[in-house]
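Across the two complexes that follow, chain A remains constant while its partner is chain B and subsequently chain C.
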Partner chain A sequence: MNNRIEIKKLTKHYETFFLDDVSFKVPKGYITGFIGPNGSGKTTTIKSILSLIHQYKGTILYNGQDICGENKSYVEDIGIVMDSTFLAKDWTIKNVERAMSVGYSNWDQHQFEDYLKVFEIDQTLKVKELSRGMNTKLMLAIAFSHQAKTLILDEPTSGLDPIIRDEFREILQAYVEDEEHTVLFSTHITQDLEAIADYIVFIQGGKIYFTGSVDDFLNRYVIVKAGLDEADTIEASAIIGSRQYHTRFEAMILREDLPKISDHWIVEKPTIDQIMVFHKRGNN
Partner chain B sequence: MKILISNHSSIPLYEQIKNAMREAILSGDLKEDEKLPSIRAMAKELKVAILTVKKAYDALEAEGYLVSRQGLGSFVAPKNLELEREERQKELEAHLIKAVSIARQFDVSKTEMFELLDYIYESENNEQ
Partner chain C sequence: MKNIKKIIILDFLAIQSYLTFKNFAIYFVFAMLYGLISKTPITVLYTLSFAAVLYSSYPYFVGDESGIDALYKIFGIQAKSVVFGRYIFMYLMNLCAILMGIIMFLMINLALKQPVQLEGWISLSAGFLSIFLVSTGISLLQFPLFFKFGYAKGKILTIMPMMLVVILTAIVMGYFGDYLKKMNLEAIDPISIISFVGVVYLIVLVVSIRSSIFFYLKKEL
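Here is the complex of A and B:
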């Protein structure tokens, strides 16, 4: 079994928004980045994986098993870290510990206390007294203390300073080092992914635009630039997204379409951010 | 082993890692049959994706610098003098090509280049 999670043709309709035939895999032992603009369906997809949403078409497999059955024990195998805490604000860390020991059959109190020490979380504090970074670390400590084989992170690093984000990346790299632990990491801070993610799932408007390795994702596109007088020498069908400024024309095309461009255009490798922006922008 | 990589270089990360490791092997910093860090440990160490390091290791293996043993990890391949010579020759050629292109730029003739080369060899001999 090489895929921890496999999503096949997930389709879900809301009044203002839908997931349309979403399919992707989360390979075991790697960090997979889940990217897309706000409202593109990331959180809905994650909620479906966690069985927090039930009514949908399609199949979700966890370790090869369909999750739609009665038995939801697979959820205990997943640690969740979100941008806001799911813990009651007035709880002390002690209360948190007690609640988790009831909630998780694999709960390891000693391990939790060890992680609190490693992460320098003061046990006497209440949840609401913790900083954002501390809250994120508390959620990580919880995930690691119930032996979660999979971490699902939903915007965990938004609002965190660069130092804590760096520490966070190191924790994730150590987590997947054993080839067993797996991370699905949804974020807008794509530098984090460019640094450590192995695979990318790119969703926009409820549709999957790309799944594959980060390298392939970044090598798939190029950004080309030229003067406005040359903007129309490139065929419109080759342009994924473009923008005209007063001084220049910029477009993103597939690398394989490079021969369609005249030699003296400036060609650049895009960042993940640029790929998202040009996709959203389209060709006007 | 020294591995310095730059996120701002135009050379892909995996190639930078590959080059640094090859250099460590050719210079003898990494010894024949020495066990290398696992791909995952190296990824953590360098703060890059696992697949990036894997690509570097795979390329080094394809070029004969590494051997991977099932379940044991990656090791420095037995010294291959021919490979090493070839590698150094490539390096030498690259430098010479550069020298020739500078010579052309400033209208230095082929004969003058040979004279220069002779001069360099001579002065080195005298120093020894």
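Here is the complex of A and C:
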């Protein structure tokens, strides 16, 4: 079993948005970054994996088993850090501990207490009194204390300061040192992924644009720059996204289309952020 | 059954912050004072049953506010177990309210020096049971709407089935009032009345649970 999660032709319609034949795999033992602009379908996909959404077409496999059944015990194997904590706002940390010990069959109270100390979470505070960063750490402490083999993180680092984000990345890297552990990390803050992700799934407008290793993703595209007077020399069909300044022009194209432009264009390797931005901009 | 037990404990934890000594004291003092001043001790049961209806709806309120329904799904608890757990939790709340109400009822009776005779206990028991059926009946009307729309919207929409009951009662009384008076209801066998009420209550219970399961299975979080 090489894939922890496998999504096949996931389609979900809303009035203003739809997921269109989304298919990708989350390999076991690695960190997979799930990237895309806001509103691209990341959270809908994640909610489908967690069975929070169930009226969709397509198949989702967890450890090779179809999740579309009455038995949802597979979710216990997943640690979740989402934008919202799902914890009652008036709960104290003690209440959180009690609720988790009721909910998770393999809950380890001592481990939770240890993580609270490691993450320096003030146990006298209520959930609503915790900062955004502390809430994220609390969810991580919960995830690690019920022996989750998979971590699904939905925008966990948005709103966190760089120090906590760096700390967070270290925690994830330590987590995947165990080959049984897998991470699916959805974010639009792509610097986090460039540092730690092994694979990338890129979604935009409900469609998957890329799925593969980070290196392949970054090597797939190039950014080319030239003077504005040379802009017309590039084939429009090759341009994925472009940007025009007063005197210069830059575009993102597939690396394989490089021979289509003249030698004196400046060629640069894009960042994940730039790939997303150019994809979104299109060729205007 | 294991998951239903989980839901009862989790729902209790969810509303625990509202089950404060201060809140209990307010209900206790208000119920006792009203019972003493009105010299009708049974009013304490109305007050406490009202509190039970209110408190058994709080898990939906916390669900709206914090998304604990999603948490239950993340625990791998099936929708049916959540529904059954909520109904059992509601019955437990009402049972506690009735038991506390009876204790307070006896305290007021003692204070008013109105000992209850044996014959009085039979009609009082019928009264306690009626209050229990009415208060749980209100929840039976509320719960499917809470499961479908959540607490805030469901609470507003709850008024509709209650209005429907009132309107239907008014229509029945308007058209059949004279006929009912002629029927001499007191002469009807109490067993028949109890059976009729029991059957109606059971139908409402089954419809309520089935609707709640139907709505909750469809609900996406």
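One rule holds in what follows: the second predicted complex is superposed on the first by the 284 of 284 C-alpha atoms of A that agree within 3 Å, B and C clash if a C-alpha of one lies under 4 Å from a C-alpha of the other, contacts with A are read in each partner's own complex, and residues count from 1 in each chain.
Everything that follows uses one rule, which is that contacts are C-beta pairs under 8 Å (C-beta built on N, C-alpha and C of every residue); 3 or more make two chains touch, one makes a residue touch a chain.
Bear in mind the structure is a predicted one, so any value in this text is a computation, not a measurement.
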item	value
Clash or fit, chain B versus chain C on superposed chain A	fit
Chain B versus chain C as contact partner of A:A197, first or second or both or neither	first
Partner chain(s) touched by A:K280 [first = chain B, second = chain C, both, neither]	neither
First (chain B), second (chain C), both or neither touched by A:H13	neither
Residue contacts on chain A - larger count, chain B or chain C	C
Touching partner for A:V102 - first (chain B), second (chain C), both, neither	second
Contacts of A:K72 with chain B and chain C, given as first, second, both or neither	second
Which of chain B and chain C A:I80 touches, first, second, both or neither	second
Contacts of A:E177 with chain B and chain C, given as first, second, both or neither	first
Touching partner for A:K94 - first (chain B), second (chain C), both, neither	neither
Where the C-alpha centre of chain A sits as vertex, the angle toward chain B and chain C in the overlay (nearest 10 degrees)	150
Three-chain overlay, closest Cα atoms of chain B and chain C, distance in Å	29
Doubly contacted chain A residues - partners chain C and chain B	none
Chain A-facing residues of chain C, complex	6, 9-10, 13-14, 16-17, 62, 65-68, 70-78, 218, 220-221
Residues on chain A engaged by chain B in the complex (per definition of touch)	29-31, 169-170, 173-174, 176-179, 195-199, 213-215
Complex contacts: residues of chain A adjacent to chain C	47, 50-55, 70, 72-76, 78, 80, 84-91, 95, 98-99, 102-104, 127
In the complex with chain A, residue positions of chain B that touch it	7, 12, 14, 38, 40-41, 43-44, 47-52, 55
